[in-house]
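There are structures below to look over.
In the two complexes that follow, chain A is the common piece, with chain B as its partner first and chain C second.
Showing the complex of A and B:
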């Protein structure tokens, strides 16, 4: 009896499952999968926003290789990964250790540390533009303790560094929560055994905590490196749409946005750039996972 | 922490009452110096994470005659005023932008909750040919980086004549693939028996979905709703690309415009950012646990 009910329950009206799935499939197909395919196709054409394209074979990719702005963008996006990912793997873990213990008021601190995650990147970017301004909070504090004012947002490298700091600042709380969940699963006995063996807090962190949350660190590295390579908003807001002094702070996604949008947008060329973004993103994921596997053996 | 504490004789109840002990989640005492160190660090990090928001709020409340550049900086406005907020409204139609953001975020919540629940239920519970292919479509869609297809999304919107509309802002993310998969997993983890019993009682698929399955995944649905609201309210790159008419701007795009045009008026920009961030901080304060739960679920799946 039971099995026949189950099998009857599972042999549904043939139409209803598709009605249920239809809205989701339609949106995903029309606005994710179709644009993905059309990016692949457009990259081989000279399509513009208002002009249908012709097939131009690899011309866009050849142009990419000789485009100085592309190399600037690639350099900045790659530097972003190098600068941001180690900080986002380590600092949130330390922060999670700090808020792990249930001491009075800790819930307030956890929430407060998460606030930057909730705020829009536009709000965060503009807050830091003002905080790091030549006459802003940080420089006022620096001046008050006798250090001269620093033009954080005027210099190409300081700007990029400041944007990285903002990305790290905004991401801390997010990855802290991920680490908190992982730390909850570290058996306490391991820590106690290490303590009995005379290991200090630093040794215990390196020999007990880090190995225990290693898979979470790999996850954080993967998530944050992909996000860092696709950086747009922080740099766009802090360096301006043109990408800082002489455009030297332009990132790859900023270049895609600048090239491909508006009424004169070069859709074909921007699609070729998008494919570079896509390929590097996938490569980063695979790289992180590979590093993970090698450490296993 | 150490083994010594385990053999420490328990305090008599009276002494324990006089000197309340601060213990960790395992009931072990936290040492005094460690507590001091922890709170010192916590307050330092607090200053670093919340300080910039407070500074922005303070700047927005300072009047035109008050010095905002002084060193050392003054955190409290001497004569707090809402003057700058009125000026924002005079400079850009900020309440219209807020309404646009609210419309976009509200629509994003409804479409994501309804669409993901329906599709998630279909993937989890209904047997039909092509289900594996449908699941694969959502998995692939989740893996595609949005930044890599944003130009094609823009041309797609133009082809549909929906560029420069709020509908165009909402559509691409209206039923997130990750949300569909989240709900699929939530539905799959429910026991089959209840729905089978309802089936025996003659409930059709729609009734089983609405009356039995849906109420059991309220928690996941709340996570989807919270993140859909936050994602739409905070989004920048896509609305920046798809909206060109200033009367259609959302708050984030309006703020970017305000900053681009009045960058030297720090009080004005500060008031604008506070208007944009206050509703979300209020939402976060009320619904914290869903924000935190969403991080865990999103990280595992995404």
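Showing the complex of A and C:
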């Protein structure tokens, strides 16, 4: 009797981890695995929102290569990575160094720098549109000091730069918190030893702080480059649904949204675009990690 | 661990097969016969109307349920943003409400997918109750039938800023009446203000091409045709305005909201609107309100543009008689008139526009705008083709922008836009 209970328990034991994992697996399956596989399958069909698709092999991917809007989107998404990632790796670190010290009132500044992170992106986008409008705050200041008004929202490149600035401004606080956690782990003795050896603040920053938080910088670079490549809200809100003047500010995710949604959406083609975005994003992530590994060796 | 491995395999297989299955999903439809007993539970979806008209719709539903005992109407309202996406998700998922508030461009794909009931068959006796133009606004080129009851119509005047007109040396009491006047006045305004004040804030849309007298589609409705001589002429004139800053430099990225804001802040001298806007001007920009001028929409065709709202019946409803009866009830003359008295919209039912509410003035600007709009609606046209999708609007807008920026000649830009729209039309099936 005792033997059979033990053997039954032994037989059932392997199920337990799966049962514990089941809720998480179900959620992952329903909201990540299923949509992903669905997208993968749709990418090889000409499915539209209300019309079942037929299998079209690689036709969607061939069309992607000949689609000028895709190349515009790829250019803008890539530019976004180039413009935003360095700023989001360096500036939050400097900000974290500023607010790291426990001095009276510092909590206010930490909260203030973090506020844009919790603000709704829609509200943030609208506020920046008003600020950068031809008669907005920035242009009024520029006009007051004699520089003249600048069409931030009417020019393709200025619009993209403005959207990048908003992304950086909104992301600073988030990455600052990550750096604050990393800086807390940098031994104070290292700074003290470097100071005794005559190193000034800049030298200590470069030779002590940066090496100590290098792995965090890689993490921030990886996270921010993936987020930058998939940018949607900032550009959509500031450049409009058409993607700026003549659609020249369209990003890849905006293109996916525009192509695949609505009652006449081309779900198959938008799925193929999504797969391309996925592949490029994974490649970008691997590239960042590879650069990190190479520097380690 | 054979069991979990099999379970995992089953999950993976299901994940692969379910989307394939979804590709071909299509369930059976309900009846097209609306002659049975009006009974059962139905759902009615409106488009961003709950916030301001909750009591009106609750009264409407209660009135219908009282008139037809045994019916129950569940009213749901969706926000304006993403309305088309909500409908497409419901349509694809088989959860489209029984009665749906739609615009003609939303009806077209639903009708093509067999989801909109043909009212020429199911509700033919009601047809004479509506204005001919309104009833036909939900017909789809290439298909027979009418796929929604016409509901409320809207049109509006062109507002202009008398102070800005005066400062530019223009007669504030003689606003432009023709396109030639409009272009000349706009160029003068830009010149006099040193490019500081633009007259227009939006790039031309398909509706503007229609109002200018451009043929938008061929007679069969199988291809677009707005790249004709008149279309090129309109775009060339707009390019002149853009170069002279008579068209706002931010027009390329403007939305109706942003251009409305520019008019409100007196950065732009003219803007289309409706009687509803007058209250807004009075409240938000009293300075502008004191100088507001009101004139008719400019057209080369003699027909102003109108916007049409419709009420569609889901062809897969399980209660066709109740759904058709309710859609008719919402849009009948009495209820449309009652709704029109609550907000600045116009009924699409025959004879309603002759009601003294739309013909007798009381000296206020609001009434003057209402009477002018009601008069013009009798011959108004919905210029936007029902097959003109959001993707087509974007394609046209982007090509127009390229022409205005000088990256393409107007003819090349319109040729490209027509090609892109034809391609999208073909893909719509």
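The working rule: the second predicted complex is superposed on the first by the 270 of 297 C-alpha atoms of A that agree within 3 Å, B and C clash if a C-alpha of one lies under 4 Å from a C-alpha of the other, contacts with A are read in each partner's own complex, and residues count from 1 in each chain.
In the analysis below, a contact is a pair of C-beta atoms (placed from the backbone, for glycine too) under 8 Å apart; a residue touches a chain by one contact, two chains touch by 3 or more.
Remember, predicted model here, so these are calculated numbers, not experimental data.
On the superposed chain A, the positions of chain B and chain C overlap enough to count as a clash.
Of the two partner chains, chain B and chain C are each touched by A:135. Judged by the touch definition given at the top, the superposed model places A:161 against neither chain B nor chain C. Contacts of A:247 after superposition on the shared chain: chain C is touched, whereas chain B is not.
A simple residue count on chain A separates chain B from chain C, and the partner touching more is B.
Once the two complexes are laid over each other on the shared chain, residue contacts for A:123 go to chain B alone; chain C is not touched. Contacts of A:239 after superposition on the shared chain: chain C is touched, whereas chain B is not.
Of the two partner chains, neither chain B nor chain C is touched by A:90.
Of the two partner chains, chain C is the only one that A:53 touches; chain B does not reach it. By the touch criterion defined above, A:143 lies against chain B but remains apart from chain C after alignment on the C-alpha atoms of chain A. When the two structures are aligned on the shared chain, A:153 is found in touch with chain C, with no touch to chain B. Comparing which residues of chain A touch chain B with which touch chain C, the overlap comprises 14, 18, 25, 29, 33-34, 38, 42, 47, 49, 129, 133, 135, 240-241, 261-262, 265. Residues 1-3, 22, 24-26, 30, 35, 38-39, 41-42, 45-46, 48-50, 52-53, 55-56, 59, 69-73, 111, 114-116, 118-119, 121-123, 126-128, 131, 134, 137-138, 140-141, 144-145, 147-156, 158, 171-172, 174-175, 177, 180, 192, 195-196, 199-200, 205-206, 209, 230, 233-237, 240-241, 244, 251-252, 255-256, 259-260, 266, 269-270, 272-273, 276-277, 280-281, 283-285, 288, 291-292, 295-296, 299, 302 of chain B are the ones that touch chain A when the two sit in their complex. Across the complex, chain C is touched by residues 14-15, 18, 25, 29, 33-34, 37-38, 41-42, 45, 47-53, 129, 133-135, 151, 153-154, 159, 239-247, 258-259, 261-266 of chain A. By the touch criterion given at the top, residues 1, 3-4, 7, 11, 15-16, 18-20, 22-26, 84-85, 87-88, 91-92, 106, 109-110, 112-113, 115, 249-255, 258, 265, 267, 389-391, 394, 397-399, 401-402, 405, 407, 424, 427-429 of chain C touch chain A in their complex. On the chain A side of its complex with chain B, the touching residues are 2, 5-6, 8-14, 16-18, 20-21, 23-25, 27-36, 38-39, 42, 47, 49, 95, 98-99, 101-104, 106, 109, 111-123, 126-131, 133, 135-137, 139-141, 143-144, 169, 172-174, 177-178, 181, 188, 192, 195-196, 219, 223, 226, 230, 232-233, 237, 240-241, 253, 256-257, 260-262, 265, 267, 270-271, 274-275, 277-278, 281.
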